[in-house]
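Encoded as structure tokens, the structure appears first; notes follow it.
The chains carry the letters A, B, C and D, assigned in the order they are written, with residues numbered from 1 in each.
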Amino acid sequence: MTERNIHVEPAAARAVEDQHIEIVERKGIGHPDSICDGVAEEVARALARTYLDRFGRLLHFNTDETQLVAGTAAPAFGGGEMLEPIYLLIVGRATKTYEGEKIPAETIALKAAREYLDETFPHLDVGTDIIVDIKLGEGSGDLQDVFGEEGAVPMANDTSYGVGHAPLTETEQIVYNTERQLNTTYAEDNPEIGQDIKVMGKREGDQIDVTVAVAMVDRYIADMEEYKQAVRDVEAYVEDLASEYTDRDVTVYVNTADDYEEGSIYLTTTGTSAEQGDDGSVGRGNRANGLITPNRPMSMEATSGKNPVNHIGKIYNLLSTEIAESVVEDVDGIRQLQMRLLSQIGQPIDHPHVADAQVLTEDGVEIEDIREEIVDTVDDELANVTDITERVIENELSTF
Amino acid sequence: MTERNIHVEPAAARAVEDQHIEIVERKGIGHPDSICDGVAEEVARALARTYLDRFGRLLHFNTDETQLVAGTAAPAFGGGEMLEPIYLLIVGRATKTYEGEKIPAETIALKAAREYLDETFPHLDVGTDIIVDIKLGEGSGDLQDVFGEEGAVPMANDTSYGVGHAPLTETEQIVYNTERQLNTTYAEDNPEIGQDIKVMGKREGDQIDVTVAVAMVDRYIADMEEYKQAVRDVEAYVEDLASEYTDRDVTVYVNTADDYEEGSIYLTTTGTSAEQGDDGSVGRGNRANGLITPNRPMSMEATSGKNPVNHIGKIYNLLSTEIAESVVEDVDGIRQLQMRLLSQIGQPIDHPHVADAQVLTEDGVEIEDIREEIVDTVDDELANVTDITERVIENELSTF
Amino acid sequence: MTERNIHVEPAAARAVEDQHIEIVERKGIGHPDSICDGVAEEVARALARTYLDRFGRLLHFNTDETQLVAGTAAPAFGGGEMLEPIYLLIVGRATKTYEGEKIPAETIALKAAREYLDETFPHLDVGTDIIVDIKLGEGSGDLQDVFGEEGAVPMANDTSYGVGHAPLTETEQIVYNTERQLNTTYAEDNPEIGQDIKVMGKREGDQIDVTVAVAMVDRYIADMEEYKQAVRDVEAYVEDLASEYTDRDVTVYVNTADDYEEGSIYLTTTGTSAEQGDDGSVGRGNRANGLITPNRPMSMEATSGKNPVNHIGKIYNLLSTEIAESVVEDVDGIRQLQMRLLSQIGQPIDHPHVADAQVLTEDGVEIEDIREEIVDTVDDELANVTDITERVIENELSTF
Amino acid sequence: MTERNIHVEPAAARAVEDQHIEIVERKGIGHPDSICDGVAEEVARALARTYLDRFGRLLHFNTDETQLVAGTAAPAFGGGEMLEPIYLLIVGRATKTYEGEKIPAETIALKAAREYLDETFPHLDVGTDIIVDIKLGEGSGDLQDVFGEEGAVPMANDTSYGVGHAPLTETEQIVYNTERQLNTTYAEDNPEIGQDIKVMGKREGDQIDVTVAVAMVDRYIADMEEYKQAVRDVEAYVEDLASEYTDRDVTVYVNTADDYEEGSIYLTTTGTSAEQGDDGSVGRGNRANGLITPNRPMSMEATSGKNPVNHIGKIYNLLSTEIAESVVEDVDGIRQLQMRLLSQIGQPIDHPHVADAQVLTEDGVEIEDIREEIVDTVDDELANVTDITERVIENELSTF
């Protein structure tokens, strides 16, 4: 039995899998919003590691505000060039002095951002194709006090909440894995696809449409024929991939905005639309679970870039997803589980004001049969909430 | 009978008013995120008016990316001062040449932003306390073609969706009106309250907690006693106001993070936390209806700053709320209505791919009794979709 | 007799008035370089006043680095418009904390810059036509110690020098007064001339050519005829003015780069070439006496923006000109005097390492006859060196 | 006999070598002003090469306005770190479209700047320790027309002038070579000296004082003893070096502002004072011949960053020095020669309005004896003026 305030109740809504229309979206790692999420989170990790290394504890910071201003490019078959650089402004707060010691927060952040961009975007020459600038102020004094004693469970920085769910619907799985597989396995053998891959899944009844926009990289594409082939290859790959996750009818569309006759195609020099006309910022794209799911409750909070100690907008979004996944894995008979964690400012984060599990059971299973198991799993996860902090710092948890 | 694809079906979920826990939030116009929303939208309106005045039609633009970097301030009873200015970067795309004529997009945007800030923030000396900078590129060529012929209904710029609902729950009404009334009626007689007012409503069963954070303006507050009185005054005012919207028990908390003993209170020089430590950006705060409502489906799209002609992320979020309100007003017997509009890229925006009304009827009313009325109202509203564009430009529709 | 190291010797060179070719230039207050000089100096004055008001003494600062990036404009007869704003970056160092008290150096600087621009450029809408940004760091710790005790004569911050001369040659007087009169008396009745007036004087023997470039303001000029008339008016005015200073032959050229047939004329919307294509920065234009005089020794040091307490690059350039003028006024028989002051870092500024007067006497006067008088005057001026500081702060001394 | 307007006349002044006081200064390549000069010139070269490669001719550009804002550093024996990055803003004008083709002026400039910084400053991590930003506009339309036909001699862009002299005095040689040798030969074996080396030479009669400020690099210096040794080593090296250029008495001072007792020494992490407190910009330091020589006429024009085709402020400053050196080398009997070239806007640059050689002959030599030789050499050099353009582009001519 737990002292934590854990509620388990039947879901207020039909299972998403049963709703007539379902929409799911994922912005790939090269989308301008995701570039910002990625940089913000990498910067946060670098700051966290620095504070731990130097002081044995995390200090206040929040870097969840990177802004990207698109550049100008002249892509061309066989290889074009960037004309005007992308501008990336890292914005946020960090502790720069602690117990008399200076902390190089800005240079650490810049280094982290550059290394992340270098690794993630092989066709983006950092410093030439993209300018990385920074404005990292110090926080307001008050906030610095919220961090608890070493070893103690931190206090919530805000009255806020996080939401998560499990398992993913078929459409969610397809959308998520389409981007992930294209940007890893497929990209290894197909350097012509850029990192800016946007996937939209729409299910109407049992018909799933998967619309994929892939920024093709000009240096690997000699002419229009090769471009068309590259598009067809992605199409075929995604069709195959989708069939692993569903028996429903799937139609795949790739780069539908192309107009071959006008010569208007999705060709880029760097692999991202940030090179020309698409601005971006943190927290405007994927939620903490990597998806945008309008059929589900979502949190507006940006997860990327926040400090992983006590920032509810980060911790509870990551944790609620973790909990949902654990419960579904550990407890039989659950068709859909939605987890919500509500914090109270100033209270220990392992004791949410409410932990709220909305459950749809499989046919023949009653909630009462499994309530206790669910509560126990939720309780265990909450007891280990600080693991989230560590895993974020170790880069074991993605935030977008 | 309509040729539009309008679905009316029973809601998949319990009415929000019946759910055990409900959370509602509103970031007031002086919150750093709202400052960005407000500037972005004002800039968009100014650009729209310019294009209309000069060419009789809207041209491509999108200014939904303003970034705010907090300043540093030294508030003090009786009047403090800003030490380092807030930095506001207006980011976006705009057409700068049309039919051989140059359009001063950047100077128009700067002027609009300054005027908005001047009007909205009486204690913020624009140019001294806040630097307004701008990076407004031109869009990618492709996007410019989407705008239809003059007079014709524009085509959707994306496959996307909008969501809206009506009526507001009691908690939603309280949260929304608390900020609106404080920032208008109450502020008239109480200059000590700043524009940065954040309201969080939490309902558990029949207990509603309203937590209000109000940035107090130092020049109107002589000492700690006056500060405490100002807090108590807001508390009393909100208690009164809340009772107009509900018979439930309401508890009001104001500036709960204050610590009088430590002298740590929410005192500002300019009326916004942007003066010290709180960054902000567009699309991170309120949704198009002015609220953050995690119990409801929400769109991740930033509404503010987008062009109001064919940007689904703007039009359909505003329109779905308009439709929901119209239907609830026109058709008797509806307890809760949630409207969703799904677009298809390249199709006329008055013909959404699906218009989806999820209805909870009042006791004794069957959906079938009112289905036709609902469809007719939805159909009428869709037929007049371009009114949304005009009303946005005329500043008759708020976007945050 | 003085303990100061004051040398008086015959000039090493022919009088400039006697040299065959003489070149003199003045960049008017609206020239992009002068805009930067003016802002830098105004910012310095504002900081100086602040330190004096708050602490009764000056603290370390140096703001001699403002950078202007030109905008884009579309001037047109009757009134054009700015398309992209000028960008002005105030750069420098200032003390931001003193004895535990915070000093709002950045907001003070911004306010001073805006007010200066507002007053000086009636057709420039500050905040719309020009963005004023700032990066004001703190100095290195060492520098802060150089400031002496209150009341004491400050120590030189560097081993450096200043140069000045008197009287002005005829060409120098013409060049200087042409800009000064055009930008004051003439401008009162002729609003069509902008502040960006550049004057180049070239004397070959007894022929003086005065080349004036005047940015005309489009809103006051209806067509090409009016433009031509405006040019002719300036020409006539300068011819008249020049004749007050010389009996030599003077030819005046105005806006010689114009090409009426191509329609290429010097028309501006704001009155300065900074609106289109001409960048600027501090210390690149006029020397401390308001002129560029390649026939004379000049100091490379920027005078504008430096602190007026102990910065030799400022004090000694202003003072050497003051001394030269005093000596020439007080002592009869001097045809040309060039003053040079050489400092030694860490020594009191009223005791230069060397004060070096190079004198050309009038016919019939021997240096020995007036040496003592000269030394006395120089000595007096040096004894009152701190007057320079006060007069700079009181805006009684121009620095460019 | 030449048709060019070449004047040869006796100097109006005593030889600088004979004047009682002589002051000479050189800011080394790592001085903040020189960093800007170096970047500006490198950017100019890269743009020039690009235009030549792509169009076979130079197009309009001018990048003589780089601005550096100092960072913040925490140097420490054995190796410190940068806390806040230096900010470098490249400013200027460049042609971005020519005959319908886009030119990536900004990315080319950024790449050139980074490569220059990487090569020149081994201890500066570009992108981390220094942010390189850019604002490169297009010029005003008029200016673009000045560039002549291919092959033809370009027309002067302005009525301006250049000055140069030869030979260098002993003090000039010492000052110049001290920095050059320290930053090359000496640095090879002594990595502890940074690139920011400032040399001031002051000669009074036959006593020469050489004051050297060398930024020491912390990672190579373990403690105060090693620091003192490093200072003494530089002292000894410069004493040796100076004796190669003069028989006069030379006293060398190194890092005189150090205060060992206070622990206030010139220790840096990156080798330049730009890391902490010293801002910089183009054209504020060395003249085109690498020196600041207040005993000589100087041009105020920034040489670095200007286009080398027709910009008189660049061409004539470089050329007049070249001519002076050639004449002194080719013609016997010259003790000091000062060359001045005066242009006339719109006239071919190989035909200056006046080329003016002021000559001091050696004892026993009359000007008339060598006048013709001088005129011939000057004439030859003027005839080959376009070589200057090529040599600038090939990086064979230093501009600062």
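Methods note: a contact is a pair of C-beta atoms (placed from the backbone, for glycine too) under 8 Å apart; a residue touches a chain by one contact, two chains touch by 3 or more.
Every value quoted in this text rests on a predicted model; they were computed, and no experiment measured them.
S.K.: Applying the touch definition from the top, give me the chains sitting in contact with each of chain B and chain C.
M.R.: none
S.K.: Which one, A-B, A-D or C-D, has the same contacts as B-C for more than half of its contact pairs?
M.R.: The chain pair with the recurring interface is A-D.
S.K.: How many Å are there between the centre of chain A and the centre of chain D, using C-alpha atoms for each centre?
M.R.: Result: the chain centres lie 51 Å from each other.
S.K.: Provide the C-alpha centroid distance between chain A and chain B, rounded to the nearest whole angstrom.
M.R.: 24
S.K.: Rounded to a whole Å, what is the gap between the Cα centroids of chain B and chain D?
M.R.: 56
S.K.: Pull out every residue in chain C that's touching 2 or more other chains.
M.R.: 84, 87
S.K.: Report the complete set of touching chain pairs.
M.R.: Going through each pair of chains, those in contact are A-B, A-D, B-C, C-D.
S.K.: For the complex, give me every residue of chain B touching chain C.
M.R.: Counting only chain B, the residues touching chain C are 74, 81-85, 87, 96, 102-107, 110-111, 114, 125-129, 131-134.
S.K.: Within their complex, state which residues of chain C touch chain D.
M.R.: So the residues of chain C touching chain D come out as 7, 9, 12-14, 19-21, 23, 65, 67, 69-72, 84, 87, 89, 91-93, 135, 137-143, 145, 159, 161, 163, 200, 202, 204, 211, 256-257, 264, 273, 276-285, 287, 292, 294-300, 302, 340, 342, 345, 354, 356.
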